[in-house]
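Sharing a structure, written as structure tokens. Questions coming.
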Amino acid sequence: MSKIKSDFIFYWDALILLLITYAAIEVPLHLLPAYKPSGVLYILAECILSLCFIIDIYVRYHDPKTSHKSYLKRWSLIDILPAIPFELLLVFGDSGFEIPVILRAFRIVKIFRVASFKPLWEYSSNLNPGIVRLGFFFYYLALGMHWISCGWIKMRMQGMGGSLINEYLNAFYWCTTTVTTIGYGDITPDHSKNIEILYTMAVQFLGAGAYGYTIGNIATLLTNIDVARIRHRERVDRVANFMKSKKMPKKLQERVHHYYNYLWESRQGYDDATILSELPDSFKYEFASLLNREILRKVPMFKGADPNLIREIAVCLKPCIYTPGDAVCTYGEIGDKMYFINKGSVEVMSQDGRDVYATLKDGDFFGELALLLKQPRNATIKAVGYCDLYSLSKESFDLVISNYPDFEQNIQKMASERMNNKS
Amino acid sequence: MSKIKSDFIFYWDALILLLITYAAIEVPLHLLPAYKPSGVLYILAECILSLCFIIDIYVRYHDPKTSHKSYLKRWSLIDILPAIPFELLLVFGDSGFEIPVILRAFRIVKIFRVASFKPLWEYSSNLNPGIVRLGFFFYYLALGMHWISCGWIKMRMQGMGGSLINEYLNAFYWCTTTVTTIGYGDITPDHSKNIEILYTMAVQFLGAGAYGYTIGNIATLLTNIDVARIRHRERVDRVANFMKSKKMPKKLQERVHHYYNYLWESRQGYDDATILSELPDSFKYEFASLLNREILRKVPMFKGADPNLIREIAVCLKPCIYTPGDAVCTYGEIGDKMYFINKGSVEVMSQDGRDVYATLKDGDFFGELALLLKQPRNATIKAVGYCDLYSLSKESFDLVISNYPDFEQNIQKMASERMNNKS
Amino acid sequence: MSKIKSDFIFYWDALILLLITYAAIEVPLHLLPAYKPSGVLYILAECILSLCFIIDIYVRYHDPKTSHKSYLKRWSLIDILPAIPFELLLVFGDSGFEIPVILRAFRIVKIFRVASFKPLWEYSSNLNPGIVRLGFFFYYLALGMHWISCGWIKMRMQGMGGSLINEYLNAFYWCTTTVTTIGYGDITPDHSKNIEILYTMAVQFLGAGAYGYTIGNIATLLTNIDVARIRHRERVDRVANFMKSKKMPKKLQERVHHYYNYLWESRQGYDDATILSELPDSFKYEFASLLNREILRKVPMFKGADPNLIREIAVCLKPCIYTPGDAVCTYGEIGDKMYFINKGSVEVMSQDGRDVYATLKDGDFFGELALLLKQPRNATIKAVGYCDLYSLSKESFDLVISNYPDFEQNIQKMASERMNNKS
Amino acid sequence: MSKIKSDFIFYWDALILLLITYAAIEVPLHLLPAYKPSGVLYILAECILSLCFIIDIYVRYHDPKTSHKSYLKRWSLIDILPAIPFELLLVFGDSGFEIPVILRAFRIVKIFRVASFKPLWEYSSNLNPGIVRLGFFFYYLALGMHWISCGWIKMRMQGMGGSLINEYLNAFYWCTTTVTTIGYGDITPDHSKNIEILYTMAVQFLGAGAYGYTIGNIATLLTNIDVARIRHRERVDRVANFMKSKKMPKKLQERVHHYYNYLWESRQGYDDATILSELPDSFKYEFASLLNREILRKVPMFKGADPNLIREIAVCLKPCIYTPGDAVCTYGEIGDKMYFINKGSVEVMSQDGRDVYATLKDGDFFGELALLLKQPRNATIKAVGYCDLYSLSKESFDLVISNYPDFEQNIQKMASERMNNKS
């Protein structure tokens, strides 16, 4: 569907919704004895209503999303009945003419259309489905309470002496009191009139149900709001309990605590690796390229390498986080990973940690020898602040370069040279 | 159990349920001073009730699902007591004879049977267990409120001057007001009569409990309705946050958004691969055969291949989705997958994307060379609209054909020929 | 702890709980002006109470679970204050002597002990923690309502003219009306007395909180009840939607539906493999041995094999389910699994399915050649009814026998013999 | 941010919060006709308020977390309006001067600041987000009820004859009755005054909404409390059902039950392996080192080995639990694991279980030969009580030592010596 057309549908939907709401409010008012609308303006409004509803039939019938047949089957009555222009009777009839109630009631049938706008809204907006559901429910509830109030006035008839508005407000007030299950009891049915008792009971059931539904919906909404945070807290508690039960040193416990705090504040508890792993393959490549290509370009080893090779290596980089003071590499251990600094800084230091040879910053890399040779690390490297690093394991590096024989030979030459230098 | 027999059981259950409900409504009415049913019709109804309950004993006793012994142990009293045809006393006794209350009360015992119909309904219908539970609860609640109302009238005795129906309606109205926790307070117990206060308190506890149970049930139902949608939204939010925090280009963000929308609208957020992986092995083969065999038949490479081989390859196909403009293959990268187009179309284009060599549609395939040789892709291929593709990796292809030596030789010959052509 | 001692603690806990409850009910009654207990029996009861509470101090102090020091720190006051035998004052004092309120109030302090019994109950019983929590909550709520009622009577003072019991019932009735949020409003505070208004407000907040807590608890309980069933239904719906959207044949859809029904009815939706995989290693072996050893003994191939070997193979068996008509093996496909029938029966048939060579039953096995040689299946085998089979793959079989060289040689000899027979 | 500065911010936030609360309570009191505060003290309090709010503008403007620009955009009005020192008008004006209502109302605007303190509290405290949310909600609710009460008095005007406090208490009492949905109905709006009816309806909707929100929040909180325990119970139930349906021996069922009880009591249902696997790599190494290094040092095989090697092996140790009587190794089976006892004791016994050769305790190890050679176990080893062991598989051992050629040679020499001794 073209953009213009879909915009038109949107505004048309909004207009029709407005008119339906108007009809749903106005029609029941005729139940009030004192409500006697008249005048050109009122008749004009009614005519516009009929006209719009008639046009709406045309629009819906030609909606590309529904076949004509299924439209006629499901919607024809709901659309045609409210479109009957009965107010014309008023124009042509004599002044004392009363429009039959049934014709007016037809107008309200259109209310069934409202639900059919729901999916549209749900998709276009990014709202929680629970909120959309609650919104629709409150819309229906408000209309329902209006109808109940009008019915209450019609039934009591007695004329409480007040004005139309006061009478209506009292009826709506009674309805509110009942629906919210507050039940002051200052307005109650006449115990000797069965119809009033039945009407009240019906409203009570409806009200209690509506209130219960609202509470249930709120509970569901709230449950779904905190999912990520709750899951994170559970995980942290689990680890904290474990550390306590194993009597680990306080300092380590604090560092772990800081790590999880950092994880939450910087990424809502999910590490990048998890998010990347959830993506479909097609995006995984693009994301990795975007995130990592620049960082790889700086490495002399990859200078002049095939861009496809760099792309494939970019996908293999694994994000990892180090907290202040964590050792990324330890002097003497056999390393099998190269590291790239994405954010933060690390210190290259001697085995005993006394001499700091260098401080590496964003965009630097280290441990590249591990990709060429199996040999012990020749320095200890520690994170200074919180560090976001990428690691590249020898295993995945070898796998990728096996597809690029030229590059592979280059690497092997470099490795053997290093070997010779060393020995 | 034969179909006819099981149908009979179903209708018999329905009949018994109806009669139990009738008894549960009629018996407590005898508490009302003004309720004095009589006449042939009434006695006839009672006789039919007894008769059906007696037949029911026979039916249940011969139910193949329960052993006679366990029936006698668990159900005999519940079935026999209500079947006592005490109304015969009325027929043969003189006119002033009153049936003892206890005999009437036996009828209601049968209500315990209702719960035993529950599992049957749960299995045969596909309803949410929460809805079934709520349905049963409302059934019991309605009966309970009826009993409470009858008891209230019996207790008050005073005769409020109204008719039987008005008296009953007032009692039921009081009960409703209390159970829904609305509590108008227009009908309250006499504060000087302990029994009335106790009765009211009992109803209040019961009512508040029932209302709380209803709300709890609704909350649970609503929680379970949106699970799939909520989970999808969570995933989308996670990725969206990630992209924002990494400042990825707007265009990519939009494409990812469209991808997830498509995933939701076309498959409710689950990709085909996940669903297939959950199936037991026996169905996995059948599903894959049904979905993929036709698509494989078109590939010249597989012409004349063993149907078992084709079936095994069909299982290895992996569904994947590409959004408009995604690159399925990029010129120069080392490919290890062949692709089949299930739905949608792709464009084969030159490295710079200027020349479009061909457009492939549903049922076409490409990249088949990747199954034979490790070599760079010789064209870039991009999705035009949303594309549902299947990919077949060289790895799984090799694994399958290793079981079919003849076919393997064929393939190797084809590969070496290609090699020679190239060089 | 020895059984006898732990039983003693259980009954002692029960006794103390009873006495605490008695004290918590009796003490606030002294707020009622009309409550003047006296007589030997009453004093005796009080003395027993004091005595038991004194003994309880001794018992708790020597509880092996708590150190003396932590006991003195946490519990000493809570245990010692209620144990003060103040009723002795009554015995030795003159008749008009009134026990100070504060001494009586000390008795109730012991209520804090009740919570310390909670973990014990939770572990020994197999109750849902939500139900235990609700049980305790109702216990406290009932006592709280009792105290509130006594306080209400004390505050109003006026003497409503009724008896002690009627007065109490009215107060409790007012409390119930408020706590359940029904609020008839037939008993309300005197608007000119600030204290009454404050008291009522406090009860209202408390009541509304208690009712909300109850509803929340019920919602949580219900959510946790259906977890397994809901998860199963979700899975089934997912597959059903998938099949519909792919327009799979009706018959297959029905078979899948039956499969999941069978899975639910026979194992609550979890297949055996999942459950076994969750077990710790130590039990995994025992379970597998118990389930599978007998079935393996019947296979001629394993006659005389090392029991350890049989045990290790037993662990490798994988349970699988076939629905009526499913093909377990298809003529001509390359098989790599042997099957054992645990329950149900299968038919061995010709390629075209016309001739049935044999029907295999519980305890039979087939496809054993697949463990020796890679060769096409020489028959099609279909499930007759629902079948619970075990499969043993060549891969895991080879892995196990590699540890048993003698057996391995045997098998290889058998395989080569077969080969020769065939050729 | 330095510690001192962040502490200052904390206390400043607390002070401002206090002052905001004071303003939010005091300002609406001016609606009460009888509330006429005066005197030096009152004016002084107001001046301090203004002063603090003015200083607050300075503090917030220089908050390093917000840029000046975004501050001016978002907060300037909310901070400046309440800081207007209007009480100076009172000082300089003549005695009859009345401060315009609008100026007073500005004070309350500052209430929007409260929400901005929320994230701070959430992070620094370890509270459940649901509880923080509920706390804030109750804070706002209490203020809201105060405002509603003041408005109610203002609207009714009539002067109920009581004192200021009594009048206020009655209004607050009416508000409480409504918000908790209790609705006694002893105080109701005048049915002939539309404004009162509208006001009451608004409060009813607000109250019902607030109560529903509270219940929903409690339900969510309770749902999140028991997650771990519920999940554990589910798992146990699943296994218990499985064992029952397979008719496993009672004794085994009991042992499994004890195992899961032990798992829950000692580690809340999570085994150590799961927790360790969730940790990021950087901590995994440290945890494993801390837990396992001492235990490895005792093994003669590792004497003098490179500390890096020991560290890497420490990471490979897998925790496992055995219940009393479980066989860790069985005589004659081919073992591929070495075991270390962390807690508990095991018995080394002959094949028939009659002779106990030795009892091993915390810190001992056994089965070390399995790391050198593939050979049958030469004894059966059973757990005496509950045992926490670590196992080291030959596979991971071999992988680690392949990086330490010297050590590998040593091991191979030991293995061949053993071999020779044996033959």
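Each chain gets a letter, A, B, C and D, in the order it is written, and its residues are counted from 1.
FYI, a contact is a pair of C-beta atoms (placed from the backbone, for glycine too) under 8 Å apart; a residue touches a chain by one contact, two chains touch by 3 or more.
Quick caveat, the model's predicted, so the values are computed rather than measured.
Repeated interface, listed pairs B-C, A-C or B-D, reference A-B: B-C, with more than half of the contact pairs matching by residue number.
Each chain gets a centre from the mean of its Cα atoms; the one farthest from the centre of subunit B is D.
With each centre defined as the average position of its C-alpha atoms, the distance from subunit B to subunit D rounds to 34 Å.
Subunit D has its Cα centroid 24 Å from the Cα centroid of subunit C. Across the assembly, subunit A contributes residues 181-185, 215-217, 219-220, 223 that each touch 2 or more other chains.
Subunit B makes touch with subunit D in their complex at residues 181-185, 215-216, 219.
Every residue of subunit A that touches subunit B in the complex is listed here, in rising order: 123, 128-130, 178, 181-185, 188-189, 191-192, 194, 197-198, 200-201, 204-205, 207-209, 212-213, 215-217, 219-220, 223-224, 227-228, 266-268, 270, 272, 275, 278-283, 286-287, 290-291, 306-308, 311-312, 403-404.
Those residues of subunit B lying in contact with subunit A across their complex are 160, 162, 165-166, 169-170, 172-173, 176-177, 180-187, 211, 214-216, 218-223, 226, 229-230, 233-235, 238-239, 241-242, 245-246, 248-249, 252, 255-256, 259, 261, 265, 271, 320-323, 326-328, 330, 332-334, 374, 376.
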